[in-house]
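Below is one structure, written out as structure tokens; comments come after it.
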Amino acid sequence: MNTYFLQVFNGISVSSIFMLAALGLAVTFGLMKIINMAHGEFIMIGAYAAYIIQNIFSRYLPASIFDLYFFVAIPASFFLAGIFGWVLEKLIIRHLYGRALDSILATWGVSLVLQQLARSIFGAPNVDVKSPSWLNGALLVLPGLQLPYKRLFIMLLVIACMTAIYFLMYRSNYGRKIRAVMQNRAMAASLGINTRKIDACTFAFGSGLAGIAGCALTLLGSIGPTLGTNYIVDTFMVVVLGGVGSLWGTIAGGFLIGTGNTTLEFLTNATLGKVLVFTLVILFLQWRPKGLFTINSRSLDE
Amino acid sequence: MSVKTFLKTPSNKVFFVIVLLLLAAPLFLSVFRINLLGKFISYAILAMGIDLIWGYTGILSLGHGVFFGLGAYAMGMYLKLEAAHGKLPDFMAWSGLEKLPAIWAPFSNPLSLIFIVLIPAFLAAVIGYLTFKNRIRGVYFSILSQALSLIFVVLFIGQQAYTGGTNGLTSFRTMFGLPLAADNTKYLVYYAAVFLLFIVYLYCRFLIGHRFGKILIAIRDGENRVRFSGYDPAVYKIFVYISSAVIAGIAGAVFVPQVGIISPAEMGIVPSIEMVIWVAIGGRGTLIGAVIGAILVNGLKSGISESFPEVWSYFLGLTFIAVVIFMPEGLVGIVKKYAGRIAIRREKKDKTAEKAPSVN
Amino acid sequence: MKIKFLPKMKKSVIFALTALFVSSAFLSGCGSSQASDSSGSAGDSKDTIKVGVLHSLSGTMAISEVSVKDAEMMAIDEINAKGGVLGKKIEVVTEDGASDPAVFAEKAKKLLQQDKVATVFGCWTSASRKAVLPVFESNNGLLWYPVQYEGMESSPNIFYTGAAPNQQIVPAVDWLVKNKGKKFFLIGSDYVFPRTANKIIKAELKSEGGQVVGEEYTPMGHTDYSTIINKIKEEKPDVVFNTLNGDSNVAFFKQLKDAGITSKDLITCSVSIAEEEVRGIGADNMTGQLVSWNYYQTTDTPENKTFVANYKSRYGQDRVTDDPIEAAYDAVYLWAAAVEKAGSTDVDKVKEAAKGIEFKAPEGNVKIEGENQHLWKTVRIGEVQPDGMIKEVWSTPEPVRPDPYLKTYDWAKDLAD
């Protein structure tokens, strides 16, 4: 019984990881129609940011406050990845609006460069980020049924990020501007919105979210130059399955792929589980090419 | 089409010269370099297939490594069985198989080489039919093709007993009885590759030279208008996707005897995207650009990575960004631009020359 | 315009036809024109001997292979400093395999045919070794392969300086059954080494009365192990035998610890995790867990003390040495010794001379077994310490004879044909 309960928990946990990794993509892809193949590398930047902050804490600050580094690491990875995103938008992405296919290729070039950059700076081997001690251990629900704090923490982080995005997008002046620009650029511009600024900020925001995901992933996985490549296909599938441009879609997509993965892996094995999930998603998209949550639009070419 | 009309267009002329150079290459290069060049030729064939769907039709497939791999595996399975001399291939024995699996059985016959074409064609037909009929297009198709490539890599690695796993298929000895390690066989395979390059070029040229090609370009530039004009874009897309997959399969089959190995590493997402890079750098939407791009990029890769392995990633990444943003038509685009300028200048000169009294 | 181009075109046609004619003439005659094929000593010129170093310096495998390359370069420089081989300096040609088997095959061809090197030190993954194997056999080259592997192979053109299964996996399983328990859970990455290793383990456990309660493989780059850990919890094994590779190990051990399982609750034994990998995983995530190798940085021999000191002073105090690094280092010395004994770099002579050659390696004495070109090696089981070092907890009293096909084990009769 415990096994099944734990499996449900694992499903939710993996879903939350996928959601977190896909949130940034939901912003850059969903709102801006830029396919950022370097999204995985922004996750990697976030993870290395956590590594840097950890090293600063362990080297220059008293050991007693080491455990607090994570609270600094989260905003730090958000801002570092965000700055990289902002620079990338200014240098490269701004040439690519309306050229979705080209954006795939150019950003793939970016991902190559960023990976090699990480290799040059930090070396090819994985680095170790020590988790703060307050995240070690697990919540004991029943004897034999333990829910690791780290996974619970990531779930909370996802909820926090979701809420923040919701308020930013739908309840703030800035969000209104973003949506206006994404829906009708010319109209928004003629109403006095600085679309160039909005573009840059939105892309930076999406990249920053990827950075947070990277910071959180240091709790569970490896930190190396190729960290991002492990997540990139999964996160794209999450966004596409959920429906591009919809926050609810990303949540639903992450949930379906996460639980699908763990359940099928539990019933069969990891290899077959992965193959089955992707096959099912591809088949599903034949039936609903726009994903689960579609935004109705009358325009013919999107 | 006579040779004369064929050579009328500049790009055909350039291609013709390239083929001649390739034919003459064994005069100047060592067997090792010829072998390497043969590998680049297989990539050039592949690049033309990608250009057909991407450059001309606007479908960006990030999973073409799969078709390349399927063609290569078909060839590899045949060569492997030839090397095994009726016994069970070595990796099957370790993996616990007792007799040859059914999917391998036909490959003991040379006629089975037709699968190099049939398997990619079949897979492309199924995928193309589903996705294009359901109007999945643009980036959605790209992302799906990426997932497809991931699925195949995971499957091929996982089914070690049937595919050789990560090791892939290797240790081929002979091809139609000729020892692969012998120089003569290498030249033969090389010339076969050049021949196939020529044939595939003619085929693509034929496709795009006719009404069909115009419709492909129309689909790329405005699919809905094509639909409203009474054409069904899906049919054209499926056909061109199958063509492209078959070309990739052929390229894979040319690759295997020259390199001596096919493994899932050649099928994944990264090699698939690299294939698109060749076309982008050479010049999308021109067959000659695809050929030049594939040979050039791979030549550089061999050269640069020999001396500076760390630099290669930077170089490739930055070149690619620059090409996509600043010169979307690639090298061919640049040459065309300059050729255009020179032509204009020459015309001006001609005009002034006409005014002046001529010597003749 | 069209007319303007015509004379040019004619030129190119004439050129083309001549080229075609000449090339066909060349082709018909090329069968007999192999004059450059000298049968003398390979890679041996007047005052230097060329050797190749072929590792992945870029791509996913660079993580591991760069430090192996470093060890080989160090050994070569040491030998050169002492006057080289046969009185000649060793000259290195480095090539990047780029973590791609096809590139390995290409570069191997280049080293043997173009550079005509005397020998090659290289490869890491089984896939890359399998890719270059036919190249070395058809060109009669020589490869020194420094990594433990799945066995079932002994190419006449390869020397294997890493462990064969009977020098790593088999003794580890034997020791675990005797000391830790009989219920095994097998977990590995989905590729050739783990699958073959697990086949061997299953056969061995069967004969020793052990039991396999689970066997799981995950694709490369798999990041979530919660489900598999759940399966492990359910099966309650005594030992988890781990053949995961690369990044997956980090995720597995971090998540294992989070699930409340430490080495006190459940022992794991890994065969692809050495000192270098422990650092990426984080020593605190796998303190007390077991590994099986032939060498650790802490191995107590005088040779090792100098080896570690030299390696660190050359590449940085924060670097660590481990089994493949040491095996790669040995390979260079063994080759040099064989060349000295043969008095030539000719591949056949070196192979003949290499039989039975001994070397006082950092791991202790090693000896080349002439029959299968593997090394006699001491097997050591070690425990990961909180500082990331590995402490030896058990070792074989003598170096073990290599047996890649496990011919000397009754239970392995059905494994290899």
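Here are some notes:
A, B and C are the chain letters, set down in written order, and residue numbers restart from 1 in every chain.
Here, a contact is a pair of C-beta atoms (placed from the backbone, for glycine too) under 8 Å apart; a residue touches a chain by one contact, two chains touch by 3 or more.
For clarity, every value in this text was computed on a predicted model and none was experimentally measured.
Chain centres were defined as the mean of their Cα atoms; on that basis the chain farthest from chain C turns out to be A.
Of the two chain pairs examined here, A-B and B-C, the one linked by more C-beta pairs in contact is B-C. One finds 36 Å separating the Cα centroids of chain A and chain C. Separating the CA-averaged centres of chain B and chain C is a span of 33 Å. Along chain C, residues 58, 190, 217, 219 each make contact with two or more other chains.
In chain B, 154, 157-158, 310, 313 are the positions where the chain touches two or more neighbouring chains simultaneously. In chain A, the residues that reach two or more other chains under the touch definition are 116, 119, 271, 274. Those residues of chain A whose C-beta lies close enough to touch chain C in the complex are 3, 6-7, 10, 13-14, 17, 116, 119, 124-131, 136-138, 144, 146, 148-151, 217, 219-224, 226-227, 229-231, 261-262, 265-266, 269-271, 274. By the touch rule above, chain B contacts chain C in their complex via residues 7-8, 10, 13, 16-17, 20-21, 23-27, 30-33, 35-36, 39, 91, 93-96, 154, 157-158, 160, 165-168, 170-173, 180-181, 183-184, 187, 191, 259-263, 265-266, 302, 305-306, 309-310, 312-313, 343, 346. On the side of chain C, the complex with chain A involves touching residues 58, 60, 62-63, 66, 190, 216-219, 221-224, 226-228, 230-231, 233-234, 247-251, 254-255, 257-260, 276-277, 279-284. Interface residues of chain B, counted against chain A in their complex, comprise 58, 60, 62, 130-131, 134-136, 138-140, 142-144, 146-148, 150-151, 154-155, 157-158, 223-224, 269, 273, 276-277, 280, 310, 313-314, 316-321, 324-325, 328. Chain A contributes residues 33, 35, 92, 95-96, 100-102, 104-106, 108-113, 115-116, 119-120, 233, 236-237, 240, 271-272, 274-275, 278-279, 281-282, 285-287, 289, 300-302 to its touches with chain B in the complex.
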